[in-house]
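Down below are the structures I want you to see.
Each of the two complexes below includes chain A, the first together with chain B, the second together with chain C.
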Partner chain A sequence: MIRDDLVRWRYRLIPNTVVGEILSKPWIDNAVPVLMLAVLLTVFGALVPNLLTLGNLGNLSQTVGEYLLMGLGLTIVVMAGGIDLSVGSVFALANLVIIALAGWAGLPMAVAIPVALLSGALIGLLNGILVGYLRLRAFLTTLVTLIVVRALVDSLLLSYSQDIGAAPIFSAFWDYLAFGTVYGMSVSFMTAVALAVAVHIVLTRLRPGWHIIAVGGSRRAAHNAGINVRRTVCLSYVASGTLAALAGVFYAARLMSLGAETGVGLEITILTAVVLGGTSLGGGRGSVVKTVLGVAIVVVVTNSLLRFNLPSGSSPLALGIILLLAVAIDVRWVKNKRKVLDQTYVAPTYFELPPLPDARRGAATPYAVNDHLATAEPIGLGLLDGPEDVILDADDNLYTGSRDGNILRLMAPDYTRVEPYVHIGGQPLGLAFDRAGNLVTCVAGMGLYMVRPNREVVKLSDETNRTVFSIIDDSRMRLADDLDIAPDGRVFFSEATIRYALHDWMIDALEGRGNGRIICYDPRDGTSRTVLPRLQFPNGICMVPDGQSFLYAETWGCRVSRYYFDGPKKGRTEVVIADLPGYPDNINRASDGTFWLAMIGMRTPAFDLSQRMPGFRRRMAMKVARDQWVFPNLNTGGVIKFDLTGQVLQSLWDGEGGSHPQVTSMREHKGWLYLGGIFNNRIGRIRLPDADQSWTSQSAYWGAPK
Partner chain B sequence: MKIITKLVAAAALCIAGVAGPAGAQDASPSSGFYNALKGKKIGFVPIAMGFNETQAWRTAMERQAAALGYEIIVRDPNWSIEAGIQAINSLIEEKPDLLIIENIDNRSYNRMVQKSIAAGILTVQTQQRSEIPSDAYMGPDWNEMGRNAVEGMVQACGKESGKNGKVAIIQGALTAPASLLQMAGIDEALKDHPEITVVSNQAADWDATKAYQIATTVLQQNPDICGIVGFWDVADAGIASAVKEANLQGKVAVITSGSGARESACDKIAAGDFSYYTSYNTAGQGRDLNAIIRTLLQTMPEPGSKPFDLVSPLIRINKDNMTPSSCWSLEELAQIGG
Partner chain C sequence: MITWLRTRIDSFLGQGDAAVTVPPMDGALSPNTRLDRADLIAQIPTPNDLAQGDATYVSSGNTVYRLNPAGAPEPFRHFAEPVTSLAAHGDQLAVGQPQHILLIHGSTQTTVPVQCPTALAFMGDTLIATQGSSTNAPAQWKHDLMQRGSSGAVWQVTPGSPPKPLATGLAWPNGIAITPDGIVIVESWRHRLIRLGQPNAVLADLPGYPARLSPAQNGWWLCIFAPRGQLVEFVLRERRYCTRMMAEIDPDNWLAPALSPPKSFLEPMMGGALRTHGFVKPWAPSNSYGLLVRLDARFRPVRSYHSRADGTRHGITAAVDLGTHVLVASHGGNAILSLEGDLP
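== the complex of A and B ==
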């Protein structure tokens, strides 16, 4: 037992969820470039004097700004699954156009700058039409554009460079673009930062950005999802061309130079920056932050190498090696991250259950196995898929959720006619009627929803307050499970776990930790707050008639507790049954003032023991294939009846498992007990001859129907 | 005894002279000369290292720097304007006493030159001049280089040669003064020589491969051409090989110019690759640069206040007038240059 204590404290003090949770975050892909930048800054900062002085950073900010602008454009193209090599030439073209228009032709800036940007956009459009609509290879097409535009610039320079180059530009705005500073940083840098934020928002929050990522991820899937793939690809090149032209305008303002070297090889530099940041050349994976990091790395490396006084050509060589390294790391990272995540995400902890009550046939406990449920008659056999919870309305019609996101209605009195009541999505689990007759439901993967009697679906809540130091974004609801409604209209609902989605819910059992919570949705102001955090797979919730408290079941904790949300005991939790022989699911009221409790499965000594051996479960999760893991027994369960003192009054089993061994919920209605089961293809019902034959939970909650 | 006394006195004087400024004004050179140079920092940003001009300047400058105890900091942007600007910026941050910039064209570094002067750094421009004057400019008169090229054309293809007067021009980078001004010089001088007709005028961007391609095409299109004018010997080696490949060596004159380095000038003239060569003599330029450094660091003018030029004297070389001293080599420079 001392050993047990040690294990318990070790797992209490050192949270082992961190590694897996961090690895599951999308931003972890930035770890490699961030680390790389940190190392480079440390090394070069020590070796190169003045590298990190404000003066040097201010000087570099113009370069960074121009690179970043081009990098943003290239990021958009690469994320859409393409590549744009023409940016260097577009940059040179815009440089020529703006100097020609503003200087030689003497046009005002308000005309010259848009025309220069338009020149880039047109080249981008050309690329876009060729690659997007005519389906030419992006690499070859933009390589050709690179050469053609460069040739165009060169031939214009041959004929006109003397005339164009000699004309001065007098414009305050022009000088502002070149020399102006905002908070000590160049205008081009600040413009690039503002655009970076904008592009980030577009890519991560807005529809066009999602389209780009979807197209880059899989053209076919994007097409099948109804996205206009060709237009999306085309527009990505237009964006890239325009941004490269904008960089060219800033460059022109800064140098006023028509040098033939302008923008030569720049596409490689920018591509290096984008790939170095971790944006995948395969498309669909990347971000603006990555590009910002990549640009920072490239500028730090080139600027530092320049000062090392190395022989000619070593700087591009170093960049080339770094690019190669980045691509190699990227490939390895993508390949192995998923693997490592799979191995480390499951984070078991120590959990000790109270002694297992005897539930064998003939046992002296109230749990002794019997065959009451063997008589259950099936409803909607084969028509239902995963009826986790069941509920009946005032007209005795039966409602249940299904795995394909519908709420189904089975029509009284014979329940042979099944109709889709509404389609919500996700998987509707817990069901409850409110005072006004709205059907409120917990939808796994979505949140808390309400269906009005006219079948209108209303979202009530899909987020709650985020826990301050939580790595996982726990403000979103992954697995809303069951609910009940207080007399004042507040909805208390359970989210079984914040670490797993519905398809993985059973893995949560291996952790033995309180990963779930109970949330209160207040319809008066539409807010949601977490009221009970860190519960072990909280599942069923049932209001106690006192109007001040509710009962809730914790599935992996094998216990039922009572929480006071109002009244003199407000905020307190009392355990009602601490040592169930199985894994409790939904709780509902019985007609005699007691409560029904469904058990989804039964405890086994082996799994109970493994709960006290977190190291064992961890090794199992890391080394053994998932179908070989030790899981809790969820093959057979039953229904018990208990009162508020915790006394178990009755239990109902299907001892032979022939007719209804799997139960996740039950609902008493007019002398019948209706049984739901998440793995079942039917609803079962048994007669309750001793019960009040007119009792319905509807009237018990909200009074007799008018 | 007398001799010994004299020797001791002389030794004492020597020591005094070396030790401090006591009797300095009498000594030659004055100790002020050494003090003005000792421990100074000189920044140098070439277009790129690794070719004749920049290597020669560097060798010459480092020889003097080693002798006089100052430091030359080289930042090599390797043909990139962007890298050049970063290099100049970083040097300005480090505040050297003098900054030598080789312009890549006439405008790109304008603002850098201004900035350097404003930062109180003596600023020297070499080879090509930007639009902003600074403390000193060292380089050839490109216009004169152009007029010289025409002289080469006239020698090979003019009236007295009995040839058809058809020439092709292969420039450097179009926006570089070395091309622009040379071309202007050519245009100007060609007015006096209507017998010379320019059948092709293109730019090879100082690149031998490009020059080779252009020359090959020109020779195919004009098999009867009399001469090809290039603007830089390193790139024009490409013209020479194109002529050789077309079996026209000796028939088509290659007129070029450059640093006067032995391998790329005299050796090629001797081999018949080049028929006429205008050298701005980079060995002499190295000495000019050193003179500028010595002068500016002693006089310490307000940066930008008194600009002056040291224009490189030109040497015209052909097979007939070539001597062993017409050209230079890097080994010689390391020994005797500057």
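== the complex of A and C ==
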């Protein structure tokens, strides 16, 4: 159909994953302030002459530097879940102290500046003790500090301003602070930038910063995690006081003024800048970059309003209105971001499956559904939770993963005794033994792990090369699924999808895009490289005995393919079965040289049709509750036997889905076929009377046990 | 223009006609397992309608059964065409078939030309018949739903004169109640009960597609033959998908309400219906359901009987109150059930 072709090209040309993936990034919180700054610069840049010229920026840089210093301090406090209103008064106090000490008392700068900073730190410490240790309300406490310190400064000014203000300061360093430039920018600005970088590193990379964020995010959780909440809160105020004092020192150097208006109302300006940047007043969410943006917006607004010659008072009014807006946007953004993300993340694309082979009961195809698996002997019924893959060792013990992050061992010969073999933490999916008898496993959300015979767990790989231009960080492994080991020890394993974690894996079916990949881990140098990108939920992997190629199944693609990683056909991919009637999962060897393929579910005409209508699936994901989305039918499954030519030899089904509705894996061992299922509470096994009764996959791979 | 704008806004916000929300089953409709626990009277393939005159009749496929004094069904009449509805009055029997209605009185048999009769009821000697659709046959009810059909009608059949329409433009009328205040009709696709000649619905916003109404002691039995679900409501609004589904797929495998639990792996599965640890959750989303609702004399639900997603007695199409017990036809469960006693 022409319309289908149009739809296919539209989805091929315009990637619709972008919006959802960008929204899922943490830095998207900066989008609002960046946009706001851009709009303001455009508007005011056009209205106010010379706003964006270098000379003006140079003038502004001193104010920006002071604001930024105070903003950094306030950011730390707000991130820790508090608020510091006293910054304006501390600023004024430091201004007074430095002028008094350096000018009136004549102390050298090396003494005067540290003492001025110390005065700020002390006020911060006072706040910190009151709020952090005595647990007073941050807002009221710092409001009181604001008033008390302001009163102190005012009374000192009343008595001594004549004496202090008259004394000049002669110091080259002082002048440098005031008028010096670094790369055309003021010293205060460059100091602030350097400190911003430092604070950013502390907050994002170092332990104290993580403590601050943890405390701001949830005091109780932080306390339970062993963080000293009170000290962390207290220290955040000390940092704020010190940084405000530093801003006061730069202000003093710049203006040498003891006016009573110094720093009045500054706390509102700084608070506006911080909140405007997107640092949440609730604590735990914010960044230095946001504060930098916020300060830039505030400075542009105040400076531009100044140039309009508006009546006095209009600038604080404008700032107040902006603060109100910022708080409102912050609240709405936090509330709705998750909802928008939920609605936009699922990004279906056009996918057309080959015609559906007839698998109905009695059909003439080898796929005809039957009830062979319904009579499978249950193993570990009720003791297992999500045995995705099963494997047996040389002593016939059975190993399987479980949803609570263990590898379980069921002891031969009757498999009634279950013991946790090792605890890994994530749900183990694919399992394979290597030549040395180590159990190699793909762990959902974690990567490729190995369990030594002495039960030591070793991480083999949890990252690969990142795709260029990928928005999602696909260097990390979200859903390592199945693996197999080449004769030379290389491990080829599939990552089913890079867009969903294990609990959401079925949603990947709605997208119909190649979101998965096959990765090769090389034990010789410990590196991992993606060898086959953009596969449709690559799942089972099985080495072909030629030692040069492996078979892999693409679940949503309903395909089995063969990839040559060595030999003359190196790098080639051949499709072995193109049109399965259902969704394939793991592949394993059979004793007669053919292969077993697990089927996790069946294709349905209604879902196949929706695969050709991506808009239908997108709207469904937006409008319908997730529980009611149409999925592939995963309530009927089975096992298929096929050979390398793609001929299907046999199929075993659980037609009613009573005991093995989804078969995710099967393992032939000594004349039995063991069945695993990711949503099942049992392992099943059926007799294979015609099979080689001594064959084990272990010996087929690595030779007879020594 | 305003309608066009409203449609766009509704579609964007998912409100009004674009809303895919479904009324919850709560209050008198709170789920239980009474239908699954009900006594099985007889296993009959796809029973469709029940009627009580001098005897009790059951229709199934092309056959009408009569219950013997022991309560077991015995074949009564066999027809060349499927029986779509049934009504009895004394020794009279009305049998709906895709193209017409047969009036059987002793050995005389008259044919009334009303197509697609979905429900029949005697009002004295006159017969009231609902015509589900003027374009689709009774077996094509899924087509009519997916086409959002509203070409149904209600006919009055008086012996000796041609049928007279009482109402037209109905969305699959599928049940009749004769009350002293007039005739109440079930409109399946609009999930409501209306009284002919009155603008307001008697009972609206049902959480399923209603089927036949039958008298109870001081009230009514209302059969709900399939549940409503967000996904089907959504599909109904996706006209292109509907059209292609109708053109390309066998109706049994549609994303549509169904009379029976899934019979084939070719039927679509909703995510919540996934079988985990060997079980389907009773509250799983499902295209089929068993629901019988007891209404009071003013058509307000007072009690309900359910067979949930994990049950089998789905597709309740008819009920008949015998005083001591109630017979219920479960089309999807291939069963005639008996609910003991109509306790308050």
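As a working rule, the second predicted complex is superposed on the first by the 634 of 706 C-alpha atoms of A that agree within 3 Å, B and C clash if a C-alpha of one lies under 4 Å from a C-alpha of the other, contacts with A are read in each partner's own complex, and residues count from 1 in each chain.
FYI, contacts are C-beta pairs under 8 Å (C-beta built on N, C-alpha and C of every residue); 3 or more make two chains touch, one makes a residue touch a chain.
In this text the structure is predicted, and so the values were computed from the model without any measurement.
With both structures placed on the common chain, the touch criterion links A:S257 to chain B but leaves chain C unconnected. Contact with chain C, but none with chain B, is seen for A:N681 once the two complexes are overlaid on the shared chain. Once the two complexes are overlaid on the shared chain, A:N50 sits against chain B while remaining clear of chain C.
By the touch criterion defined above, A:G593 reaches neither chain B nor chain C. Residue contacts after overlaying the shared chain place A:Q162 against chain B, while chain C stays out of touching range.
Contacts of A:K623 after superposition on the shared chain: chain C is touched, whereas chain B is not.
Residue ranges on chain C touching chain A, taken from their complex, read 14, 20, 229-231, 234, 238, 240-241, 244-245, 248-250, 253-255, 262, 264-278, 280, 285. Chain B meets chain A in the complex at residues 48-50, 73-83, 85-87, 89-90, 93-94, 104-108, 110-111, 173-176, 180, 202-203, 205. Chain contact summary for the complex, chain A toward chain C: residues 359-360, 369, 385, 506, 582, 601-602, 604-607, 609-610, 613, 616, 619-620, 623-636, 655, 657-659, 661-662, 679-682. The touching residues of chain A, counted against chain B in their complex, run 49-50, 53, 55-56, 59-60, 63, 154, 157-158, 161-162, 165, 178, 254-262, 264-266, 302-303, 306-307, 309-313, 315-316.
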